[in-house]
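Each of the next two complexes has subunit A plus one other chain: subunit B in the first, subunit C in the second.
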Partner chain A sequence: MSAMLLNKEKWPEFVGKLAGKKIVAPQADGDAMHFAPVAEGEAPALDYNNTRVPPKGALFPQTETMLKFQAGGEQVEEPVLDQETVVLGLRPCDARAMAIVEKLFKWDIDDPYYVRRRELTTLVGLACTEPGMNCFCPSVGGGPASTEGLDLLMVDLGENYLLEAVTEKGETLLTEIKELLEEADDDAGKEKDKLVAEAEQKIKRKVDTEGVPEGLPGLWEDPLWQKVSASCLGCGTCTYLCPTCHCFDIQDETEGFAARRCRMWDSCMFEEYTLHTSGHNPRPTRKERTRNRINHKYSYYVDKFDVIACVGCGRCTNLCPVNIDIIETLRQVNEAL
Partner chain B sequence: MKTNTNPYIPYPATVEEAWYETGGERCIKTFKVVFDDEEVREEWTHLPGQCAMIGVLGVGESMISISCSPTEGKFLRFSIMLMGKVTRALHQLEPGDKMMVRGPYGNNFPVDEWQGKKILTIGGGIGQAPLRPIVEYVRAKQDKYDGLTMIYGARTSNDLCFKSEFEEMSKCDDLACHLTIDVEEEDWSHNVGFVPQMLLDLGPSPENTIAITCGPPIMIRFVLENLKKLGFEDDQIYTTLENRMKCGIGKCGRCNAGGMYVCKDGPVFNYAVLKEIPEAFA
Partner chain C sequence: MDLEQLRKTAAEVASREDVKYLVGWKPGTYGYRVAPAFIENADGAAELIFSPLCTANLATYLTLVEELPVPRGQEPDDRKIALMVKGCDSRAVTQLLVEKGIERDEVVIIGCPCPGMIDDCLLAEKYPETEEPAEVKWDGEDFLLIRGGEETKVARDEVLAEKCRLCRYPNPVVSDITLGEEVETWELGEDQGVKEIEGKGVDERAEYWAEQFDKCVRCYSCRNVCPLCYCQDCILDRLNPTWVNRSVNFSENTAFNIARAFHLAGRCIECGECERVCPANIPLGKLNRKLAREVRDKYGFEPGVDPDAEPFQASFKPDDPEDFIL
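Take a look at the complex of A and B:
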């Protein structure tokens, strides 16, 4: 199916057509936006900049059950994952993050939970027309209408959304709602190009990544790590809210005899993350942890998977309680190189 | 039961034998375990240096090096120091009890590439556990190697693992087994002194030799220094690393040393590679 138009007034019907599937979309929660399930008859709140927490939880829940068993037993049961889900209106940077993280979850051995959820999920993106103040996606290989990681891209053209399928899954979704759609004409395409070009112009912040992946390990003992981590509280906000951060802890929980093994988001900014049982810690202070975080995103991940594990969403900078700014950190890295 | 498609599912294995290697607060207990399922038992293959995630359901899992060679039979051995929550639960297991095992994980010592060479292992304390499979592997195929020398030390004679085996080995002509303890003890007929010094004193020739070391970080540091003094090239030296781990399959993130995941890119590293990893000895 070629590019299609969906009139905004048809939202309730759109959601109705997907009955049976869980629809997750941005919703207002006080002054923040969050991805949450949309009930039938409700419209997603798509007039937004970006959510505070990225939608990574749709594929990688903050806490998820891996196995169920009886404490001290031998038989384990896997959770059944069969809920088809549509994530509606996620930003292209967050979808790109999912594509980037998928490389790790499929590296050599498939992570069955992540891979299964991705199979069950259709990602419907919403191109950015009003980037945020700390957005810098073009510096790290993205863009306001990037389709990487998406199944379908939507562009807000005012009265209508322009819908373009990216994958077969996206095509299937368009077929399911085809009665609601009209064929888009050339003008719609031109309007999209104009909006995207304008959005790119509105992105003011930039990072120079040239030579950074190769150069970073050479800055191991540079004083910059002490400097950029000096004000860090070690709260982990930067990593929890990062769409590419994928580290997790595994814990067993028991309640009576019923028990489960679950995994939950973890953060390399926490002391316990690398603490050995002996008490030794290979990353004993925030300096080493900050250095690891930047190296992991901008060097190690590039070595292994050929892509920077940062999509330029700006969340870590927007929400750091002590105003540590990743763009400024990378400027200092560049200065030291 | 069949081989699981979900790599996080552990297999039940029964403890056949269990004994204490050492005593004290951080005592070491060795377990010989056999997978309950025949298919799992038959399909399981590992090589010296590899590890397994072992644990108790409801408590958790720890990455433990497999301390036996596949040449010894269709069982696994783990020598575990009592350290934290999981190792405490494991230490409570007695013959007939179950432990849950998944793996094998990580790379291995390239023991087959080493054929035709002299093998020198240098271990300290619990660090002998990952070296023991090399010793057993080489002994099982000794006509393929040009000799085996073992240096092993601990604080006191009570802290030495696999003691009865070494006493047995000391009597063999085909291998040189050198034991040392840190301080003088009554009735101790072997060497007294630190492992790195003993290495220097013995002064093995680097010619056609592979040296493998594992032990406390401080010991490894001086062993590496002394191997260099003896003329060993970087690529003749191997060691094995450990870090906190959760998944064992390169997903959970935490075990990296620089850009290397110890669980997947390691735990075995050639020193020529290792010395380029900035965090390797952190």
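Take a look at the complex of A and C:
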């Protein structure tokens, strides 16, 4: 069993079969979408462009409680991670981002939270047929139907979804719902190829990454960083909403006599990110911070893990309040090389 | 507004010896985006524009300036910053003057009387954005959208930004140079957003804001874009003591949003930037405008209109109403 068809009318039944697991899927919020747990008995609608906030929180929550204790107490309580989860309808770029970030979380030691959550989670992606205006996944090694990071890929063929298992987990899921499925014929495969080719055609914006990872360190003192960052507000939008941004801070917090140790998303665009206790800051202005953001994604990560840590989802560009556009920044980088 | 005149004036100002740089607007890189422009010499002025897409309030760049320690033997660069302002933006500058966040001789203010700006989200709903940068012009009462050589008339009512619907000061309240003619003020609609909130009962209101604050990702875009959020030591960044935990949950998010709203009561000049930039779509304007309304009704104070006013939160009159104090 690897390519199957699911009639869309059976979609609620498919979702129903997952009962007992936590289901995370895109949900409407005014005119935007975000990933959130699905209430029992509901079937999420999947006809949406990508969400503003990426689904990275399914594996890397914005706030992760690592342990809890009471003032004066002797017990330390560690949360148990055992909730099986299915993420439905995430976009190929966001799944690729998870695969990319996993390299870091599995690097020197296995990060207990990330790795455990990934084990417990099945990622069911949905290929893009209507890419967004600032999508550029093909430029950075992905594509609207990329399967990297996914367990199962769904393609919207109109009346049916085509389901393709990518991993064993995906196969298992297909087996669990097999009475809802029909064998996919050649036509379905051809239809998919056509849709994917069309989607790729619709992606207009591109970046040229040739020579960028090796070239970036040489541009350290280039005036381009001042130019690019002049209008930057130093907010966390481009990083918090980036599916591959994975920096975190660990803080102890108290509420009355209860205390907890949490790790939470952090952002290299924040002033305090590299602020030393002495008051010295090695990245004193937004110029250095912007330079770091681009270098981290397009050079350091490549150096360390052999892959660009940007999947071309376009969120930083869509949502930067002052139009700092990563595609344009990379064009300027190329010009300076 | 005549773009030639704008660029000529900007070129003159940017080349003045006592001006460090000029901040204005330039075309963005795609769709309906417009970007802030930092102009250091006469040549740079050629890219400046003033169009219905120049919604952003650039006054925030007066307080976002990053000053590194001056190396020994060097003089600090005290030249002025020149700034292009619409009516609402000029109120931010005025409020900064009132609070002594800036001094009058640190800035050159180029006033742009403003016929009203577009909410690019509303525009995109009607006319989906494309990767090609579009141009928009004022066209009598309405707007003209120009892209791919095609012109489309867009009705004012359909896309006018909410802040502009409610704007009482489209003409800059303070400026050194004014570009073009003053515009006539327009009839104000009712503040539907605030009215809607006021129409809710206490529980319903609490529920409404709980749902909103729950979405907050604490990116602090709203704070960073706000021309009047410029405390050097912001309560949110403090770790010792920690006033607001960094954990993102409903309780901390609420503490943050309420703290920010109160710190801006009597200071917020309703430029709408916080709401525009919020990636979580939280209607921050309703909160700020409600507080602004309370301050106006109770104390007769309106921020950012009189550079000689006493700052509201730092002044006291014996007959100030205090019926809200329990």
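Keep this in mind: the second predicted complex is superposed on the first by the 332 of 337 C-alpha atoms of A that agree within 3 Å, B and C clash if a C-alpha of one lies under 4 Å from a C-alpha of the other, contacts with A are read in each partner's own complex, and residues count from 1 in each chain.
One rule holds in what follows: a contact is a pair of C-beta atoms (placed from the backbone, for glycine too) under 8 Å apart; a residue touches a chain by one contact, two chains touch by 3 or more.
Being a predicted model, the structure only gives us computed values, none of them experimental.
K.L.:
Looking at the overlay on subunit A, is there a clash between subunit B and subunit C, or do the two fit?
P.N.:
Subunit B/subunit C on subunit A - fit side by side.
K.L.:
Mind working out whether A:264 is in touch with subunit B, subunit C, both or neither, as first, second, both or neither?
P.N.:
Second partner only.
K.L.:
Looking at the overlay, what does A:19 touch: subunit B (first), subunit C (second), both, or neither?
P.N.:
neither
K.L.:
Quick one: angle from subunit B through subunit A to subunit C, Cα centres, nearest 10°?
P.N.:
The three centres form an angle at subunit A of 90 degrees.
K.L.:
Contact-wise, after the overlay, does A:278 reach subunit B, subunit C, both or neither (first, second, both, neither)?
P.N.:
first
K.L.:
Quick check on the superposed pair: does A:109 touch subunit B, subunit C, both, or neither? Answer first, second, both or neither.
P.N.:
Only subunit B; A:109 stays clear of subunit C.
K.L.:
Go through the superposed model and pick first if A:39 touches only subunit B, second if only subunit C, both, or neither.
P.N.:
neither
K.L.:
Examine A:299 and indicate which partner it touches, taking first as subunit B and second as subunit C; both and neither are also allowed.
P.N.:
first
K.L.:
Would you sort A:286 into first (subunit B), second (subunit C), both or neither based on which partner it touches?
P.N.:
second
K.L.:
Looking at A:80 after the superposition, I want to know if it touches subunit B, subunit C, both of them or none. Which is it: first, second, both, neither?
P.N.:
A:80: touches no partner chain.
K.L.:
If we overlay the two complexes on their shared chain A, which of subunit B and subunit C does A:204 touch? Say first, second, both or neither.
P.N.:
second
K.L.:
To be precise, I mean the smallest distance between any C-alpha of subunit B and any C-alpha of subunit C in the superposed model; what is it in Å?
P.N.:
Minimum C-alpha separation, subunit B to subunit C, in the superposed model is 6 Å.
K.L.:
With the touch criterion stated at the top, can you tell me which subunit A residues are shared between the subunit B interface and the subunit C interface?
P.N.:
In the superposed arrangement, which is not itself an observed complex, subunit A uses residues 249, 251 for both subunit B and subunit C.
K.L.:
Mind listing the subunit A positions that touch subunit C in their complex?
P.N.:
29-32, 34, 52-53, 62-63, 133-134, 204-205, 230-231, 233-237, 240-241, 249, 251, 253, 260, 262, 264-265, 267, 270-272, 284-286, 317, 319, 321-325, 327-328
K.L.:
Please name which positions on subunit A make contact with subunit B in the complex.
P.N.:
66-67, 69-74, 76, 78, 104-105, 107-112, 217, 220, 246-252, 254, 259, 261, 263, 266, 268, 273-278, 280, 282-283, 288, 292, 295-296, 299-300, 303-304
K.L.:
Quick check on the complex: what are the subunit C residues that touch subunit A?
P.N.:
These residues of subunit C touch subunit A: 28-31, 33-38, 56, 60-61, 64, 66, 68, 121, 125, 129-131, 215, 217-221, 223-225, 237, 239, 242, 245-249, 273, 276-277, 279-281.
K.L.:
Which residues, counting only subunit B, touch subunit A once they are in their complex?
P.N.:
Subunit B reaches subunit A through residues 5-10, 12, 36, 56-61, 83-84, 87, 98, 100, 217, 242-244, 246-247, 249-254, 256-259, 264, 278-279, 282.
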